[in-house]
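The data blocks that follow each hold one structure.
Note that chain A is present in both complexes that follow, paired respectively with chain B and with chain C.
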Partner chain A sequence: MVDQVHKEFRKRDLLYSGALWLLSLIIPDPQLHYRREYQLRRRDLFYLLTILLLPLIWNDAHFHHLMVLAGIHGILALGLTLFLGYAGQISLGHAAFFGIGSYTTAILTTRYDISSFLAFWASGLTASFFAYLIGRPILKLKGYFLALATLGFGEIFLVLVRESPHLTGGVIGIFDIPFFSIAGFIFDTYLRQYYLIWGVLIGLVLFSKNLIRSKMGRAFLAVAASEDGASAVGIDVNGIKLGVFVMGAAFAGLAGSLFASVMSTANPDIFSLNLSVLIVMMVILGGMGNLYGPIAGAVFLTWLIDGLSRYQEYSLPIYGVILILLLIFFPDGIGTRLRVRLIYLISYWGRKRRREKVEL
Partner chain B sequence: MFVPARRSAFRHAGEVGEPIIKDYMDTWNIIPQLLISGITFGAIYALVGLGFVTIARASQIINFAQGEFVMLGGMVTFFLLKTIPLPYPLAALSAILIVVLIGFLLHLLVIYPLRKATLPILLMATLGASLFLSSSSALLFGTLPKALPPFSGSGPFEIGKVSVSPQSLWVLVATLLVLLSLYLLSHRTLLGKAMEASSTDALGADLSGISRHLMIFLAFGVSAGIGSIAGIFITPIFYVSYHSGTLIGLKGFIAAVLGGWGKHGGAILGGFVLGVTESLSVAFIPSGYKDAIAFIILLLILYLRPKGILGSPFIDSRRW
Partner chain C sequence: MIFLSVEEIVKNYDGVGALNRISLQVRKGTVKGLMGPNGAGKSTLFHLISGMERPDSGRIRFKEREITGLRSHEISRLGVGRTFQTLQVWGNMTVVENVLTGMHTRIKGDLLSSGLYLPWIKKSEETAMKEAKEILERLGLFGRWKWFASQLSYGEQRRLEIARALAAKPELLLLDEPAAGLTYPEAKQLAETFSRLKESGFTLLLIEHHMGMVMEIADEVAVLNNGELLAEGPPDVVKNDPGVIEAYMIRK
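Moving on to the complex of A and B:
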């Protein structure tokens, strides 16, 4: 019955497809990985133009600063979505890799006068090195116990940072980290930092896009679907899990380096469990298994936290309630859910009008 | 930089969550004292771990808000005792009731709506609930750390060179009583068996007419009760403030995993091993690293023997 309805072309289908096309511009595609091959779509041009033009149109320092933070969170969420959204593993220690990247840059630039551009790459390498060390033993775990083990790693990292003041400045942290600079060009205003962060983010998105359509990316999905099945078809499950963990950590390390050189401070309070929870929330609210969703989730949650900070001591309880409500009502991501609902509604309107016509 | 001049083992003595120990000069002389405080710590971790085990035996959920029940137990008792002057036993009982109510509400408002959700979502939801509970208790009861008066006696009594506070004995008694009643509940009553059935085989439990969600609901109440009892018994020894729940909860969980996930005896054994190890470590390494010890133990046990010391009924295969 439904199939018959959709076979014939009706004039009003033009209207629906127009609405869907508009929707598809804004809302991330939840089924990106079902497509055979990724190609640059019109939607990407739309995103790119928005990212480039938005800070020029909305020329406000607070907005720029917020979007800088959102971009850093976006890089973090992008790294975690490879691990959580594609490979189906959970990590509550992502903030530790962010912290490792941050402290690497802080120490290299303030103690050894190494240029921040070199420190940027060194941070990614250091974070992925630690991820390799920690990932080897703990990635055999699953579910809750993997979450707990990564959480434990995050807590150990925090204790080590607090207790070695000669290296990391202890609880006070490290100050006066120089701004990021390439060949004498210093990113010292919020607008320049905005373009720096989002430029890096775009580069990492392109990298991830290519990654997930590669052989390795398909292996991520296979591991997430069934580890036994994946190993039966010849996928090195442990290697894939370790690889994606290291890659997510490298992203986090790069984000940490950018954070240190943009905020010019590194402090153990930032890299606590709360940040890890926040990153996982970004990925969940953005929708598992797509790349744009977590970035949208990062922007959304950064704005939410900034908006809530107006209520001071009430902000944390409200934040907790909002998180729980979002999880209850949008368990597979805000974008995915809205899209499914809207498609359902549009098709429902179509069927309803047709039914009425038949009854008449 | 505010680097302390002398990195003594007792740098934090008297601070939040630290036992107050006399500053003996010789490391080896303080070992018995550390052992005593380790056993007290161990009893606390065991109590908190029993709360985790109760929920795990009724469903495969790990409730990250368990530590907040402990914190709330102490906080609500303090509030009832000081603001509305209730007699001590009445205040403690009403605090337990209130926290059990909060446990029921947590199930009804968070866990039950998410009964079909995947693991990361449940994990995040309980973490969100934990954030909500701790921050609202900061709003309601203030951010200052609080301590209840001890149940009996004033000062610690001395056995040889070791001083023992009477409250430590109370904590041990409470742990034993809770263990005993949980054992009776799960091995001698139909309700306990139904709870266990709903965890081990969901479909089988449904087929034998067990209301699984009711069992999980009850388990949340019981575990909140255990948490609040733990909170009331430990608040006279350690200051409790709004953010101390998370760490206590995590360590209780580590205790439960260390002893054997899903076993009452495992939680007790794991609690004592963890408490004593942590306390003794203070003699050899700076006490700031004490919190890392528990997590290092967690990583080691998960890597070397995920079943825990006593073995676990839920983790049977080698790949899990």
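Moving on to the complex of A and C:
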């Protein structure tokens, strides 16, 4: 009886398959960790065109500025998702590497007149150098202890920045950092900055995508799932953890450099624990073990914070409620689960109606 | 030729003796069975050989080289593969990815060149993929290569773990109760796999409770009890050893 109902053609099947097709345009496939032959999909084209055309269609300075921030958060979340989402380690001090990147650029460009393009790469290197120094001792810790150690590192960084005014300008920070420029082209409008940031983000996404589809990406996942299993096949567990940590810090350093040259200022309030937690939230909301999800999470949270800033006094409770709801309904993150949930939901609606019909 | 030799090894956990002056030898190209009641120290011995834990005293040599105190990934790179009593397959990856990860040390790549996807990475990854599929074919898992490892049945996960260990091309394979929880036909199939492995030149050290299986494929059997070596020798001799019979088979 039920089987017969299944085989029956109904008009709403058209609707479901149409909806699924639309979704498949937007939501990425479950990502594979080996290489397949490259083919440009409609989906990739859709993403690229959206990123390219969105600021032109929605031509508004506030929107551009918001998307610049979202892009910077996206780079941060991408770096952390390699560490948190793939290698399964927690870090609550990611904002410190963002800060190190920012201050490197700020100091190099304002005091030593080094071009912002060179400072950009130097920031990434400095952040990863510090990550190497910090990571070597603390990455032996696991779970909560690692979270506490990285949190401590973040706080120590803040104290050092505030207490060394000669180097970092102390509480006031550093001003008048020149805009990012390549070969005389200055990124001084929000629109130009938008293309700069999202261009860098796309480059880093491609890099990470190659990485997770190679032996390194598989090693990250192996370390997350079972360290004993990983070391039994010859994976240097500590080496992999350190490598991912350094890589994530390098991404954060690059993001920090872009932030400094876009905002023209660097001051310690930005790089607090709030930002670290925010980045972790972006990764968790976006989806663990997923590259696009954290970027979506970054855009979403940046918008949410901006939207709530109008209702200053209620912003914290609203923020909390939204996050809790999201974590209840999307525990694995939006990006990873949305596809599965929607397919499930659609099939559930179908089944429910059919069941009601049968019972009548 | 003595391939692996364990000399006078001692291991205590907070004063509880797990292994007391155990000495064992495994010759190249043979299958050695390791038996004993629960808590006899078999798995502890495996942990010590594979470097997951360190012995309190004593030495372990592999191919004339001392490996005591090396870290487990270093020992694995020297050619010692192992499986676990409690399954350690990676459920967050597909079956073929599990096997590819087993080849980790044989695939080229590091954080930078893999990220940039330089030409030699591509070549190395492609040959690895071909080889991974061959290994899966050999262990009868090819039909499932796209599945997530967590979707496999228990017996299939056991075989996947062996496939992963084989992918690292080990010379010595430590198998910790590979037939635990398997049905009779599955265990029989596994025994056939092991005899094929032995023919193709692998050296196996095998912890097993299935008496029939051990007697069938092992060239030599060692029996542990309460951290002591009770008997060692060909299966027929050990089977009839009065000490073994008392300690292991009929304990009243």
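Definition applied: the second predicted complex is superposed on the first by the 314 of 360 C-alpha atoms of A that agree within 3 Å, B and C clash if a C-alpha of one lies under 4 Å from a C-alpha of the other, contacts with A are read in each partner's own complex, and residues count from 1 in each chain.
In this text, contacts are C-beta pairs under 8 Å (C-beta built on N, C-alpha and C of every residue); 3 or more make two chains touch, one makes a residue touch a chain.
Predicted, not measured: the structure shown is a model, and the values here were computed from it.
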Task: Greater chain A contact set [chain C / chain B] - done: B
TODO: Report for A:Gly170: first if it touches chain B alone, second if chain C alone, otherwise both or neither.
DONE: first
- [ ] Would you sort A:Arg218 into first (chain B), second (chain C), both or neither based on which partner it touches?
- [x] second
- [ ] For A:Gly289, decide between first (touching chain B), second (touching chain C), both and neither.
- [x] second
Open item on the list: Output check: A:Val159 vs chain B and chain C. Expected answer is one of first, second, both, neither. What do you get?
Closed with: first
Open item on the list: Looking at A:Trp198 after the superposition, I want to know if it touches chain B, chain C, both of them or none. Which is it: first, second, both, neither?
Closed with: neither
Task: First, second, both or neither for A:Ala232, with chain B first and chain C second - done: second
Open item on the list: For A:Asn210, using the defined touch cut-off, is the partner it touches chain B, chain C, both, or neither? Pick first, second, both or neither.
Closed with: second
Open item on the list: Quick check on my understanding: which residues of chain A belong to both its chain B contact set and its chain C contact set?
Closed with: none
Open item on the list: With touch defined as at the start, can you tell me which chain A residues reach chain C in the complex?
Closed with: 32-35, 207-208, 210-211, 214-219, 221-222, 224-226, 228-237, 243, 246-247, 289
Task: Touching residues on chain A, where the partner in the complex is chain B - done: 84, 90, 92, 137-138, 140-145, 147-149, 151-153, 155-156, 159-160, 162-163, 165, 169-170, 172, 273-274, 277, 280-281, 284, 313-314, 316-317, 319-321, 323-324, 327-328, 331
- [ ] Provide the residue numbers of chain C that touch chain A in the complex, in ascending order.
- [x] 50-52, 71-73, 76-77, 81-84, 88-94, 96-97, 100-105, 107-111, 114-117, 121-122, 125-126, 128-129, 164-165, 167-168
Open item on the list: If we count contacts the way the header does, which residues on chain B are in touch with chain A in the complex?
Closed with: 1-3, 62, 109-110, 113-114, 117-121, 123-125, 127-129, 131-133, 135-136, 138-139, 246, 250, 253-254, 257, 286, 288-289, 291-292, 295-296, 298-299, 302-303, 306, 319-320
